[in-house]
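Down below are the structures I want you to see.
Shared between the two complexes below is subunit A, which pairs with subunit B and subunit C, respectively.
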Partner chain A sequence: MTRLVTLGLGILAAGLALVAAFAITSLVLIVAGDPAGEVWGEILSWPESRNLTNIINNATVLYLSALAVAIGFRMNLFNIGVDGQYRVAAFTAAVVAGEAWLPGYLNTALAILAAMAVGAVWAGIAGLLRASRGVSEVISTIMLNFIATSLVAYLLRKAAVDAEGSNAVNTKPVPEGSRIGGFSIGDGPGEVYGFVFIAAAAGFLFWFVLNRTRFGFDLRATGRSTTAAVANGINVNKMVLATMCLSGAVAGLVGLPILFGSQFSYGSTFQSGLGFAGIAIALLGRNHPVGIALGALLFAFLDEQSNPLQILVGVSPDIVAITQGVIVLTVVISYELIRRYAVRLEQQRVARALAPSAPTPPPTSGPSGEAEEVKA
Partner chain B sequence: MRRSRKLAALLTAGILSLAATACGGDSDNGDADDPSTGGGDAPSSDIKVGMAYDVGGRGDQSFNDSAAKGLDQAVEEFGMEPQESEAEDGEAETAREERLRTFADAGYDPIIAVGFAYAASVGKVAKEYPEVHFAIIDDASLEAEPNVASLVFAEEQGSFLVGAAAALKSEAGHVGFVGGVETPLIQKFEAGYVAGAQAVNPDIKVDVKYLTQVPDFSGFADPAKGKTAAQGMYDAGADIVYHAAGGSGGGVFEAASEAGAKAIGVDSDQYNTADPAVKDVILTSMLKNVNVAVYEYLKSIADSGGEEFPAGVTTYDLSVDGVGYSTSGGFVDDITGDLDEFKQQIIDGEIEVPTAP
Partner chain C sequence: MSTTTAPTPATPGTAPVSVRLRGIGKRFPGVIANDDINIDVRRGTIHAIVGENGAGKSTLMKILYGVQPPDSGTIEINGTEVTLSSPADAIRAGVGMVFQHFMLADNLTVLENVVLGAEKLHGIGGRARAEITRISEAYGLDIDPDRLVEELGVGARQRVEVLKVLYRGANVIILDEPTAVLVPQEVDELFGNLRELKEEGLSVIFISHKLDEVLTVADEITVIRRGTTVTTVTDTEGVTARKLAELMVGSQLPSPSTEASTVTDQVLLSVRNLSLPAPGGRPLLDDISFDIHRGEVLGIAGVEGNGQAELVEAVMGMRPGTTGTITLAGTDLGPLSNRARRESGIGYIPEDRHRHGLLLDAPLWENRVLGHQGRAPSSRHGLIDRRGARDDTLRIIEEYDVRTPGPDVLARALSGGNQQKLIVGREMSGDPVLLIAAHPTRGVDVGAQAAIWQHIKNARKEGLAVLLISADLDELIGLSDTIEVILRGRLVGTFDPGAVTPEQLGSAMTGAGESA
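This part shows the complex of A and B:
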């Protein structure tokens, strides 16, 4: 019964947030003098199959990014460095796969492992600094992002191959036999990344490790209360390092669907900024693998609207970024409102259960829920 | 507690009423895209031009703006119906492809992709829409596609002339080059500039500095970096610095102004577009007339009544004034004779300008 209520309240919170975001965005459109009706008509029309393919593909990438961020969040670690971690890792994977030391899918597997290892090491630097020197992981991961940018830029020039007549700079392409094929939905061009299954498996593992293993319990316990964790004999420093490495390893997967599914090399036009989108989506999905999947689909869906909005309706694509930002804000606010409402429901239930003679009980902290965890 | 509930209720009510009005608007202008454009005084044609800009789009005071200028001129003269769309920083490859497909599906033909970042997406989408025509600026890798026109520039030739101008004007025998991002494209500017300077003075010293490396493209939009790089060169004794660094060039001009030295602009005639406080340091500018390329491409389509579309690689070089140098400010008036002589030698093929350093 209470589970059902919790679920209902969760859905209510999400619904409230979306409606609020819808209204605020409409307001922005009206103030800017844009045709709000046409904009929503375009956004809410059912996408064509090729757009659907793009949405799923983009969501796959965003999902992995948010998953990496969420691992840190579950332990109160704010890994802002997913952005740098995935770029270093994707570059490494592109070089390893491009060199093709092993045949076929062995090559792919080696590249994926290399990417995860590099991502883990890159994040591990921040973890190590935090565990041994108490350096805030927020600061160190931001700094590591800058270092990653310069490092990849420097190495890319060494690894780049020139294409005749082209001004683009790219690594050696991944050989055909090592690419991960996709599957078509509908009859449009483009295929859904085969990597979507690896992403789904990562989501399942995330849930399993956090909720069904000793390690996951330790991680969540440390996230809730460091002192309680220490009292229970958990080595907090070890947990910090392990969590950052795990987060970095998942971050290492972020660029790989693009690398093995569509672009086959790393270069000047490789998608950037995915790590920051991941933070927003992890917040949106409340660090739950299913919630994150929904959030990633929503963000990918909105991203896909930016071109039609510009070309068919004549509205600046910035409206998409505004909508995404507004959604994140309304979600955080509405979850907080609903949480308070749930606390009050609980209090009323307790009050009723007690004798009618008893006055209103003093407010307790109540089931604080997961909203605490995203506070970093 | 009670207050927050009221607040929530109020918020919900407000939101619902707002949403209702927003939805109400929808039914009024369901699909109101009637193409009532022909004004009578302007010539009209049924050619719809799709313009896909690179990051920055119209209003970037540089590359995209130059392309927009060519489009505007063509629209005014031939009455074409334009629609524009710009790239977002760090977007996915699929976003670029979708931009082109959305144009193609909406009946835009030709579609012009501004910038080499579109190379892969134009290559892919041109195959999917064989009956639609594409143009791409600054990329020549799609020569084999029958429905793609590649518009490229001989940046090295224009850079050669400003390099010669720098060497003729330099009293120290020491000049500099600031590149925005170290790409093959910007290296063409460097190669031409160095060759031009050495053609005048074989012993000249040329400092070369790139602000960032790919995939970090901030070197095109960071005046502070440009200023630091140029300051270093002026401090080391250079008296003229040429920049091919987009928006970072403003910093190069500032450094020149503070050092009491000269600088050379790029792409457009920067004497006319730069901050008036520093324009007197601009000796000349290397002109890369993207607008000419866009205009000529559209003109040839309009001249054929929208029947024939150019394809293959067209190089805009000195012979067609696709590149050149500016004379605004009058600082190079005394050496135009020498420069035009070099120009003629390049056009005649007597001087072959290198494209890579």
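This part shows the complex of A and C:
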């Protein structure tokens, strides 16, 4: 019963945020003199199977990114550095897989592990600075993003191989046997990344570790109250470091669906900005693996459906970026409102449940509430 | 002990009232912070408000400074009833506050700090400088408007804060624990400044729990206990620190422990030469040694802030830098972490249950797990045992009479007393040999208080060693087998609760001398 109420309130909060975000976007469209109705008609139409494939693929990538951010959020750590972490990690994976020291899928496994390790180390730098020196992880991860961008650009020159007839800079391609195959849905061209299953497994592990293990309990307890965590024997500094590393390890997976499913090498045109979308999706999905999955699908859906806007109704697809940005704001507001409402609801429920058996004692001020005479 | 040296412009007791509080009440879920507070502060007086931590002083001051609205009651300032819904309202009404923690920008000058946010009053240039100099001279604050704040000492910074408040036109100044950060000479200077303020016809509200200081400087004293005004002393002549201490902690006796002594000669907790140095000051704990036996309750009495919290945290392993040895049932706790200490048999009822005892936004069963993550029934093989934890939460709810619809309720939704009973139940599970209870009945209702007392008596009967810290002297006398008094980080006297009176404890706590 209470679970249902909690779930209902969660859906209500997300719905409220989305409606508000759509309303604000419509306002922008109307003020700019664009046909709001046509834009929404186009965006909210059912996608073709080709688009569906793209949506799922894009959502897989966004899902991993949001999962990485959510790990930090559950402990009140703001890992803005997923963007940098996935780039150094994807680059590392591309180099390792391209070198093909091991045959077939062993090579893939090694590359994935290398990516996770590098992501963990990159995020771990911020974790270490926070744990040992109290440096805000927000600042350090932003800085590490810049360093990651430059570092990868620099190393890419060294690792790049020349492709004939192209001036693109790419790492050695991943050998055929180490690629992760996809599958088709419907009759359209293109395949859904096989990596989608790894992402789903990551989501399950996220849920399991956080909700079922001691480590996850410590993590959530620290996130809820650092002071209570310290008083109850949790080594907060160790948790900060471990959580950042874990977050970075998941961030290390973000670029891999693309690497092993469609691009097969890391180049200067590798998709960027995935880390920031992850922050928005983690917020929208309330840091819950299922919520994040829905959020990732929504963001991917909006991205995909906005592509033809320019041709069909003459509106820049950037309008969807506005919607996504506004969602972040409305989500924060609506979740806080609903949270307060839920707390009040719970308190009333407890008061009601206790009322018949134990009438609430009148508000006395203590054993000796009466003012006493002073013999002064 | 009224200030006969300072000529008062108006006799206290007859001067017009500048702040009148009537029936102020404020409730938080499960806690009554203020209940029927009545205070009159007269113009040209220093009015002290004393009470133990948690008695409701800070809530009251937040109400008077517009930070929180009261649930009931009225505030009158200079004869007009006002509604203060923000500090800006309070400032407009002439109320200013100097916080314990200064709010100054170090890299700005005094002038810049003072005009910040009050640029409209006298500009930011020459006129402002002239006004600051005028105020500084009028009240003897001795402040140069062009010094950088970072060059100033603590006492001078505090005077800048006072000046900021005066600059904004306040005629009622609240000082929250102003002496906590000062050395004795600076305290004397501050008191000199305060006397000048009152001679100029301002009202000063002075919050403190240091009784000797209060008696030195205050014209009138209001005592607050458990959220309500106990009394106002309008003539401080003849009032002693002992008398005030008694008023602060109350004299309602818990049902005294009529049970026979269960103390054995087996030492469970042994503390030897425990010290905790503080950088650049007197140590927080100074060479503390004591034993607690099986079946014994050792009570620590003391005025808040004399090392009680540090003592508990040192035993719990939360204070790096302590020296000395702590042995629990033969095991040296020195090298053990907080969690290892808990698992070796310490139950801990923390002083601040909201910050240290509970995860307020987590369900009760998760709160049952907190601090017990590594043990059955909370976990097995590194996994949280949800069923085990829930079942055991149900047991605690039953045995400790926690009033809740079930174990899935958020801790925040329970009343303070029920939250505390849950904590007591949790800490008593896992077979502890030592129970540390810091202010176990603070802020709980009468019914829960009696229940918690009974649980502590039961623990003693079952052969636990109990370390009880309390500000409530009657609670200490009623529950303890031995009482130690702590003053400035040292144990200064041992008392037999069967023979001691609250007055005797009070005088030992304030260092007033003889322990008859």
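In this section, the second predicted complex is superposed on the first by the 344 of 376 C-alpha atoms of A that agree within 3 Å, B and C clash if a C-alpha of one lies under 4 Å from a C-alpha of the other, contacts with A are read in each partner's own complex, and residues count from 1 in each chain.
As a convention for this text, contacts are C-beta pairs under 8 Å (C-beta built on N, C-alpha and C of every residue); 3 or more make two chains touch, one makes a residue touch a chain.
This structure is a prediction, so every number in the text was calculated from the model and none was measured.
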Worksheet item: In the superposed arrangement, does A:Ser262 touch subunit B (first), subunit C (second), both or neither?
Response: first
Item to complete: Could you look at A:Gln271 and tell me whether it touches subunit B, subunit C, both or neither (first, second, both, neither)?
Response: first
Item to complete: Based on the superposed arrangement, let me know which partner A:Gly134 touches: subunit B (first), subunit C (second), both, or neither?
Response: neither
Item to complete: Please indicate which partner A:Gly33 is in contact with in the superposed arrangement: first for subunit B, second for subunit C, both, or neither.
Response: neither
Worksheet item: Which partner does A:Gly181 reach: the first (subunit B), the second (subunit C), both, or neither?
Response: neither
Worksheet item: Residues of subunit A touched: more by subunit B or subunit C?
Response: B
Discussion item. Touch test for A:Ala353: subunit B only (first), subunit C only (second), both, or neither?
Written reply: second
Worksheet item: Touching A:Val230 in the superposition: subunit B (first), subunit C (second), both, neither?
Response: second
Fill in: subunit B/subunit C common contact set on subunit A
none
Practice prompt. Please give the residue numbers of subunit A that touch subunit C in the complex, ascending.
Written response: 2, 211-218, 220-221, 224-225, 227-228, 230-235, 343, 346-347, 349-350, 353-354, 358, 361, 363-369, 371-374, 376
Discussion item. Quick check on the complex: what are the subunit C residues that touch subunit A?
Written reply: 27, 29, 32, 35-36, 225-231, 233, 235-239, 243, 247, 250-252, 316, 318, 337-342, 348, 350, 352, 355-362, 366, 369-371, 373-374, 379, 382-384, 386, 403-405, 408-410, 412-414, 445-447, 449
Discussion item. For a test of understanding, state which residues of subunit A touch subunit B in their complex under the given definition.
Written reply: 16, 19-20, 22-23, 26-27, 30, 35-38, 40-41, 50-51, 54, 57-58, 61, 149-150, 152-154, 156-157, 162-169, 189-190, 258, 262-263, 267-273, 303-304, 306-308, 310-312, 314, 317, 337, 340-341, 344
Worksheet entry | Of all residues in subunit B, those that touch subunit A in their complex | 1, 4-5, 7-8, 11-12, 14-16, 18-19, 21-30, 32-33, 50, 83-86, 88-96, 98-99, 101-103, 106, 108, 116-117, 119-120, 128, 138-143, 150, 152, 182-185, 212-217, 313
